[in-house]
Amino acid sequence: MLEFVFLLPIVMGGAAFFLPVSLGRGILIVAALLHLQLTVMGWLGKLDPYFPDYFSSSPEGLLVLLVTSFIFLFISIYAISYMNETEMQSEHIFISCMLLFLGTMSMVTLADHPIVLWIAIEATTLVSAPLIFINRSKEALEATWKYVLICSVGIALALLGCFFITLAMDIKEIDAPLTFSSLNAVAGQLDPIWLKAGFIFIMIGFGTKMGLAPMHTWLPDAHSQAPSPASALLSGALLNCAFLGIYKVHVLMHVAGLGAYSSNILIGFGLVSMFVAGIFILNQPDYKRLLAYSSVENMGVIAIGVGIGGIALYGAILHLIHHSLIKSSLFLSAGNILLGFGSRLVKKTGNLARLFPKTFVAFFAGFAGVSGFPPFGIFISELLIIMGAFQRGRFVVLAGFIFCLTLVFAGAARIVMRISFANAGEDVLVEERMLRIIPSYVLLLTSIGLFLWMPETIFEVIIDTIKVLGGSVNG
Amino acid sequence: MESLLSFMLALLLAPLFPGIINRTKAFVAGKQGPPLLMKYYTLAKLCRKGSVYSTSSSFVFKMGPTVSFTAALMPLLFIPLAGTAPLFSFHGDVIVLFYIMGIGRFFTIAAALDTASPFEGMGAAREAFFSTLAEATIFAVLILFYRVSGSLSLADYFHGENAVSLAGPTGALLLFVIVAMFMVLLTENSRVPVDDPQTHLELTMIHEVMILDHSGPDLALIELGAFFKLLFYSVFITHLLQPPVPAGILVNGLLFYGILTLVYVAVGVTESTMARFKMNLVPKYILTSFTLVFFAAILTMGFMQ
Amino acid sequence: MINLSDAILVLILLSVLISLESNRMMTLVKIMGLQGVMVSLVPLFLEQHQAIGSGGIIFFQIMILIKGLLIPGLLYFAVQRVAIKREVEPLIGYHASLFFGLIMILVSLFITEKLQLTLPGGHSLLLITAITTLGAGLFLMMSRTKAITQVIGYLMLENGIYLIGTALTKQSHTRYVVEFGVLLDVLVGVMIMGIILNNINRAFDDVDTALLGRLKD
Amino acid sequence: MDTLFYALAVILAGGILPLLLYRQFKVMKAAAVIATVVGSMLGLMALTPALQDTGPPTTTWAWQQFLTLTFSIDSLSVFFLVPIFLICPLAALYGFHYMDKSEEAWRIAVNYCCLSLLIVSMVLVVCADSLITFALAWEVMSLTSYFLVVHEFHKKETRAAGYLYFVFAQAGAMCIFAAFGLIYSVTGSFSFDGLDQLSSPLKLAVFILTLLGFGSKAGIFPLHIWLPHAHPAAPSHISAVMSGVMIKMGIYGIFRFYTLLGDTSMLPGQIILAVGMASGVLGVVYALGKHDIKRLLAYHSVENIGIILIGAGLGMIGVATGNATMAIFGFAGSLLHVLNHSIFKSLLFMGAGAVLQKTRTRHVDELGGLIKRMPTTGRTFLVGSISISGLPPFNGFISEFLIYFAAFQGLTLPGISFLFASLAIISLAVIGGLAAACFTKVVGIVFLGEPRSEAAARASEVQASMTLPLLLLAVLCLVIGIFPAPFVELAFFGLRDMAMIGAIEPGTGQVLISNLAFAARLFLGILLGVTLLRRVLYAGKEIASGPTWGCGFTQPNVRMQYTGTSYAMSIVEFFQPFVSIRTVYSGIRRIFPGATTYETRVDDIAEIGMHRYLLQPLVKILDRLRWIQHGHIQLYIGYIVLTIVVLLLVF
């Protein structure tokens, strides 16, 4: 039963809330492992949905699910050491919410019914809110408040979008179940005006959640204030889930013959996101916010890649996978830095290379990876997006894309170099621990591994994903 | 064989011509002046002496005179003298020669700096600056010559089928070259109005100050090298002025040395009638020569098409 | 029947307008409760939703319970615990707000007119009400400083969207299970917001969003 | 090809071994050096078969399902591989004693690792035969060289330099990627084939994009800004590799894409020539104005890149106008200068490194008299200086001569090409003169005269592993100068596979080259003769030594020596509008004046321009936009509403 994939973590999360803390940590790891196993079973096609009206395993969903499940496992390992170090007070809430978060995200990836998808995405907001304000500082509360409210408003608008799509069906008197699969089948007959309106609202709604500018405003706050494992999850997994919602509707638009329209909107949002991220990455005083804005930028890259289509679409999907791996690793490293220096401010840190050599390697490698240097996959994805953009003749977009990439790189490099090399005191609050180093290394190595050798199954699933949109690796 | 003889003769005569300059100057000033063979006496005296070396200096200081002498000698091997073909010649030799003169300058300057004397450093700086500018003029001349004669060797310039000459189709342009080369001659050989070899204040010198610390045979090599260099430039100008006479070698030779003497006299007259420029006017002066030639080179576009 | 549904819609509109000019927190919460009940009732009186099974009846009962009682109740407690000053504290004055409400109605009228061509007829008032509610909800969130007002604005937005949903779509698609899920999300959302508000209040001694402006660039 | 990969494997081993062995400091360094040297020799051996026939077949590896990594060697690659395999092992060897702080073992191990990765990536850049392969190798090269630059990261200026380099490298890479995208959009494949099918405006676009990308790596004016910062910041043997070899990868890129595009119009040549002249002249003028010895050398790299590009530009114009001789000699001179520059520039950087290691200062005006204290370093540096000034009988002259020759060929062309050719000649002449002026300054101030500081007075000769590379390189300079024929042949060979030039007949330029060699030998012969003559003249004479004649002043001291600053100032002032000179002078005040200061700084107009007209306005605008994230939730919701309204209205 496919639904186990999300039911399992939800049930275990509920259980963890009531069980003693010592047991909770075990549950976290066990749930993560079981979830990964279920995911793999889902990949192998061993699981069939029990409610096919609501859930199904789409290739794009499976991809996001796998990424989510994979990074969750390592983040949870990290989280255990992290919780130890910070002496977290409400640990049972944290563990329980982590698991619920995983469950709701898995639900997003498997949802086939627009409104079920909507429910799942809204649920991710709600269960992740406690993760952010777990330490109840003023800033964390503020961040959570903004997160919950802005995302709720945004997602509410997405509901409106869902209704519009339903309407697009009703007006033409089409009688088909309201699932993405069946909608795609009848897409050609849908009413284009309402479909467009639906797309706009869903784009804005889920775009808020995905962190596309100018609806991204909650993101830097929430990502910077959340404890690092939670930030890693938010950035590495949650944004993808929101993207999935947009992607599915974009596919619908494409099948309905409105692909150009939705592509343009995606590209527009993508460019704005990259530019806005660039503004704030330059001279950013807080390194966790830096990473958060970098997520905004990368979501922009993905949106542009999807909007351009063709080979860029493959690049976008690849970007999504690698960004998740690298960014979550970066957030984990940032967590170590935060523990070590006790401050999120760049100017309070420095000399990572000497004080925390292992963290430094992970942090800098992550930065190089996210900036598109080999041997990390973002190198390929960005190259493919650039090539795709030329192929589709989108020169202006490309100019903006390249400008923003350079801007972001210039801004981030300065800060990363400062953290890594600048002179700083020798005081270290918390030493590095292998348990908090290994996860970030594994995530990076996975990206390197996928760069060197892409497993055939994953490749095929990506091709399946982008086939609908006319994307292929042959241009 | 006659090339070799002619070359030897030129080498022998080289110290004579500066004597002519001095006599000219003396004549204009209404003085008796030093004997015509004065420079020979000086060289002989220097060769008899020993040397004092500064404790600051190194082997570079001793290499300076040798290299600069060699560099001054080389061009004379390649330029036609008195109607005879040069000893050596190949396509492109001009570039090599001017660069070889460059290495001579390099070592002269290095030797000057090796003495740790502020005055010599000052002279070296000026030498480096002015000769760079003069180089631009020289290469502009080469451009013009290439347009006119299509060759890159001294022998072809002055002896070949398409030899450059005032009588040729582009003769008018050569007037520019003659004036400019004369200006370069004065610059490269540290004559008035660029430099004053007779001055007594080290601060205002260029070339003379650079060799202040040399003595004995080293100084003799430098002096002789300077005469060769002056001879080379004068010969260059002489060739431009010399009318093509279809006569024997002897007539041509005499005509050549006659015009050569006139060039030296002209240098002497210039020195007598002009004052030395202020240092900051020198670049302008050299640039003028460059402009003249470059203008002429551009004009060839009209002639050639 | 139509008259009855129209009456409800007019009541909703009225509640929107009153909420815009209301200056007391408690009033606002009460109005929200009323609006919740009204909104839940609307589908019952619409023609195409005549055939409602027993599941439907249960669903609507739950919905009235949640929207009319549970959520306002939560808000009520929140206001009691949290808000020391019971004033709404607008960024944009009450009269201007009311004026905005009227403009919003006009805008909705205009939009509805424009959309008439592509819509199955008969819902113009419903659509006007829905859009006005939606717009007013957003307006409340933007123009009030108190955090609780923003929750209320969110609820109003939700109500508006729900109304549009009922107005535009056939019931056959949105099964009750799904709608229940949506409702649950809203409920949990408000609960979470309440918890955060409570925490904010403890940390800041107030829930004025002016205090919530420390995170910026 | 296999041998080449074995060579790379050995070099890579030389990078990985130090990471494992870093606890044994000496062993670690020795392992790295031996592996690098052996690997490079293997690599050179791998080139020999390629020199004879058409080279080994293409090697292809499938990658990522739909991509292929393709490597092949053609004659151009062979030519560029030579300096890589020549200079890098010497640099590694030099590093053995240059990096002598055993407490920094781990960092030095990382340095060796990055160096070996850099070597490998450069080799792969040169061998890459598809867009994606090239991009991959290029990026690895940028990343590893960045790490090499920030080796001494505890210094603030090193970090700043590293940052600048990193940003330029990435921005340049973006331009290259854009060019690749443009190519891909037409050919639809990642291979290098079919580039000549592009329409001519597209060719020009690709050309300009690649020029921006490769130019920023090569350090053409005004994209050279990173270079004078990064090269001084890096350890000296790394500067040698970067300046001697790595920036040539930019030149390689320009050559490669020119060949692939097969664009025979005039414009590319004219652009390259103009860029080359600007870089050449301004590079050397700025070099004159700098007093940091490594920064000065870095500006000379800009100058030499300029000379190389002048050659290439002349070659391109030759191709465009069908003047085969001009094309061949222009390109050949350009290529040969690539090799020559890699030799003498790495020699000079290593020499500067030796000075730096012994005196701990890079400031020219604090040195002096080192040739007596560091004889080998001083002599080899002198050789390098003469070579870089392009003076015979050393190697720099040979390549400059070829370029001159091409330029003179261009004089027969009509109209604008004639102007370009004559400007090229004048620029070369001016560059030559100024370079000589600059290096007389360096040699004269640093190595000759009296030491200007305690540190310089106490300096001593460096260890064998550092002098050996210096000697080898100096000998190489002289060998190429006196026996140029095989090296010119190599340059011609490098052009063999450049289709647009046409077949080069064997023996092209043979007479010319033998004449050049003859002139050089003649010069040396006469010099020898004159030296003997001098011996004879001095035989039995009294040689005394005493203080320098102070022109009447009896108490000269070392501080009275002429400084590098004053030496160069009048020349730099001559180029004033293109050079910004800032003077800070406190002036003499009061009747009994106290201490006064006088300071001049020569600034790069490209740098000033970039700051004033590009960065500052940009940062200002972006800073203004920061209010977007204003902190208040009402505004944030407003953004969402606004977005809806805009989207609904616009679409």
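A, B, C and D label the chains in the order they appear, each numbered from 1.
In the analysis below, a contact is a pair of C-beta atoms (placed from the backbone, for glycine too) under 8 Å apart; a residue touches a chain by one contact, two chains touch by 3 or more.
What you see is a predicted model, and the numbers here were worked out from it, not measured in a lab.
Relative to the centroid of every protein C-alpha atom shown, the closest chain centre, again from C-alpha atoms, is found for D. Among the other chains, the CA centroid farthest from that of chain D is the one of C. The centroid of the Cα atoms in chain A and the matching centroid in chain B are 77 Å apart. Note on chain placement: the centre of chain B and the centre of chain D lie 36 Å apart, centres being C-alpha means.
Averaged Cα coordinates give chain A a centre that lies 31 Å from the centre of chain C.
The geometric centre of chain B is 99 Å away from that of chain C, both derived from CA atoms. Contact of a single residue of chain B with at least two other chains is seen at no position. Of all residues in chain A, those touching 2 or more other chains are 145-146, 149, 153, 157, 220, 280, listed in ascending order. For chain D, the set of residues that touch two or more other chains comprises 626, 628-629, 633, 637. Put simply, chain D touches chain C in their complex at residues 626, 628-635, 637-638, 641. Residues 368-369, 371-372, 378, 382, 386, 389-392, 397, 400-401, 404-405, 408, 411-412, 414-415, 418-419, 422, 425-426, 428-430, 432-434, 436-437, 439-441, 443-445, 448-450, 511-512, 515-516, 518-519, 522-523, 526-527, 530-531, 534, 537-538, 541-551, 556, 558, 560-562, 566-568, 570-571, 574 of chain D touch chain B in their complex.
Against chain D, the residues of chain B that register as touching in their complex are 47, 49-61, 65-67, 69-71, 73-74, 77, 88, 90-93, 95-96, 99-100, 102-103, 105-106, 109-110, 112-122, 124-126, 128-129, 131-133, 135-136, 138-140, 142-143, 146-147, 150, 152, 202, 212-213, 216-218, 220-221, 279, 283, 294, 297-298, 301, 305. By the touch rule above, chain A contacts chain C in their complex via residues 54, 113, 115-116, 118-119, 122-123, 125-126, 129-130, 133, 136-139, 141-146, 148-149, 152-153, 156-157, 159-160, 163-164, 166-167, 169-171, 175, 177-178, 191, 193-194, 220-221, 224-225, 280, 284, 289.
By the touch rule above, chain C contacts chain D in their complex via residues 91, 138, 141-145, 150, 209-210, 212-217.
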